[in-house]
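Think of it as A, B and C in the order they're written, each chain with its own count starting at 1.
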Amino acid sequence: MTLLGLAATNLQKDLRLEWRSRDTLNALGFFALLVVVIFSFSFDPSAEESRRIAGGIFWVSFVFAALVALNQSWARELRNQVLDAYRVSGAPPASLFMGKAFGNFLFVALIEALVSPLFVIFYNLRAIGSLWMLAAVFLLGTWALVINGTFFAALCARTRSREMMLPLLLLPISLPAVLAMVEATTAILTGESSPGMWIKLLTGYDIVFTTASLLLFETVLNSE
Amino acid sequence: MRPLIVLFVVVTLALLGFGFYQGMYAAPTEQTMGDIQRIFYYHVPSAWTAFILFFVNFVASIWYLMKRRTTTDALALASAEVGVVFCTIVLITGPLWAKPVWGIWWTWDARLTTTLVLWLIYVSYLILRRFSDSQQTPTLAAALAIFGFLDVPIVYMSIRWWRTQHPQPVIGGAPGSGLDPSMKFALYSNFVAFMAMAALIMWFRYRLAVKEQRLEEEHRARTLRSQLREVR
Amino acid sequence: MTTSAIANPTSSAHAVTVHNVSKFFGRFPALLGITADFKAGEVVALLGGNGSGKSTLLRIIAGLARPSDGSVQATSRLGYMAHASMLYDEMSGVENLQYAGALYGIASREHCASAMSSVGLDPGLPRLVRDYSQGMRQRLSLARAIIHDPDLLLLDEPFSNVDASSATQMLALLDDLKARGKTILIVTHQPELLRSLADRSIVLSDGRVASDSRGIR
């Protein structure tokens, strides 16, 4: 089976497992909703200000919500030592990683799509800039969080205090990406500046870290 | 080895002393900020030193993944720890300088903020080392170190762009502002002194880590020998 | 300290060669200077008390752990079964086998179904693995381990907490595999089950080989 073929098999397996239990989607969705509501109570903006801060609030909410999903992304593999079977089979680790990362991406993106309308409602938003660019920022930004998150979740799987370690490792390295996501989103919502540079930065970030993850995942998987 | 180390310590102390003299006395007083500006001679060389040490960590991490030598991992650990120390000096001297001069502790200026993110990344590296199973620590840490260093240019670019969009006072003068030659001399002498000190501390830390590894290996060899002797 | 290379053995007579393997976890010696050769087609029982190093040795042979010293050579076509099932609880038996097969490039559904039947489980059973009994789970895990028809089988306590009927079915399969010339290493606390199957038994104690003899005593 080809590398991509096996990645697709892995993705299919993860989607099927998630559909049967819906653990991740439920937790992620509910958590994202809670965070949105809490922020709405904490920041009660006028329509003018809301455009300026909505980007920041949206992405901060989703960074924390994504952590919930990412933290347990390898849980089913770890529970019954499935990774041992994968390693023994000699199947390419990159396929396993890509399947997992893509699955995480779909889950987080799905919840983002469901929760965004709430944002529009709570903050009376109306994007001034291009919606296509906004979609691009969403996709690139989500990928930036998910690709490193999936990799670091695998890294943390072999540490004590697994759930605590992931945010400690992921957040510092994700800072430039989060900055880019927030600035680009704000630029589009307010129409006050161009998001172009930020989108380029996000693209560069995604390329660099997708490459690094693919190259180093095998080392981490076999680090025993 | 011993006399060489003693010599190195003496030279380092001499360089530090010379740098101190240059920074605190020989260099002229800055016209607008006054004597408080002399912190600059500690702030900037610390930043350069920290960056170089993190680069050493990056190279050592890659080298470890290629050759798997425990001594290389010891070098990675030592450079990260000492790098974090120098990074901390930058983060402390920055606000100490900013408060008297501009009346604010922190300005989210590009260089200081980049240093903060760097500090966070490498502290997370040290935390990972502490929390992982010792069998796997070198490999996992090396992977994280590579990610962390790859992030450095991206962090710098992102924060620079952020600051051009939302300008704020810049600690230490904007890049490109001229420096009086005698100030440059004080700056470089302190940089050399700091690099010497960093190398010295790293040497000791590295030796300590290698000694710990060697103790482990000797213990294992002893266990093996005694067990096999029993069999015969 | 030298580290291992897991490679195809140069001598075709030996399926597994273990040479002076030691394994330390920090200062704890799990294995000390283990040397053993296993011929193709041999069925060997690995016995010993808790903490004697049996599971560690199996993991090293499987390529899942690196020895601190010494080397291991084993065929790369191997199957591994341990106390953890290496299965997904939220999938059915045949779905699990189809996934395991996919890792080896096996796409045939019939192949997976027959692997499941070979351990006495009904491939049409829609029940999810999380609702399996321990005996069913162990049997499915064995089917997973042999899905790609490996020449070498490494089993770590396959019969633990398994009902008699399941154990019998597993033993029947192992008999069949032995007849087809497979090499099988079994770690077990129940040597009496292997009385007719095992050619040889090795007892480990405190990380060293305490005895290596024909049959099961």
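Note that a residue touches a chain if its C-beta (ideal position, glycine included) is under 8 Å from a C-beta of that chain, and two chains touch if they have at least 3 such contacts.
The structure displayed is predicted, hence computed values, not measured ones.
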Innermost chain, taking as reference the mean of every protein Cα atom displayed: A
Which of A-B and A-C has more C-beta pairs touching across its chains: A-B
Centroid spacing, where centroids are CA-atom means, of chain B and chain C in whole angstrom: 49
Separation of mean Cα positions, chain B and chain A [Å, integer]: 31
Geometric centre distance via CA averages, chain C-chain A, whole Å: 38
Residues of chain B whose C-beta touches two or more other chains: 135
Junction residues of chain A, two or more chains touched: 224
Per-residue multi-chain contacts in chain C, two or more chains: none
Of all residues in chain B, those that touch chain C in their complex: 68, 134-135, 216-217, 219-220, 223-224, 227-228, 231
Residues on chain C engaged by chain B in the complex (per definition of touch): 1, 3, 22, 24-27, 29, 32-33, 68-69, 207-208
Residues on chain A engaged by chain B in the complex (per definition of touch): 148, 151-152, 155, 158-161, 165, 168-169, 171-173, 175-176, 179-180, 183, 193, 197-198, 201, 204-205, 208-209, 212, 216, 219-220, 223-224
Chain A - residues contacting chain C, complex: 1, 6, 9, 13, 16-17, 20-21, 76, 79-82, 84-91, 224
Of chain B, residues touching chain A in the complex: 65, 117, 120-121, 123-124, 127-128, 131-133, 135-136, 139-140, 143-144, 146-148, 150-151, 154-155, 157-159, 161-162, 165
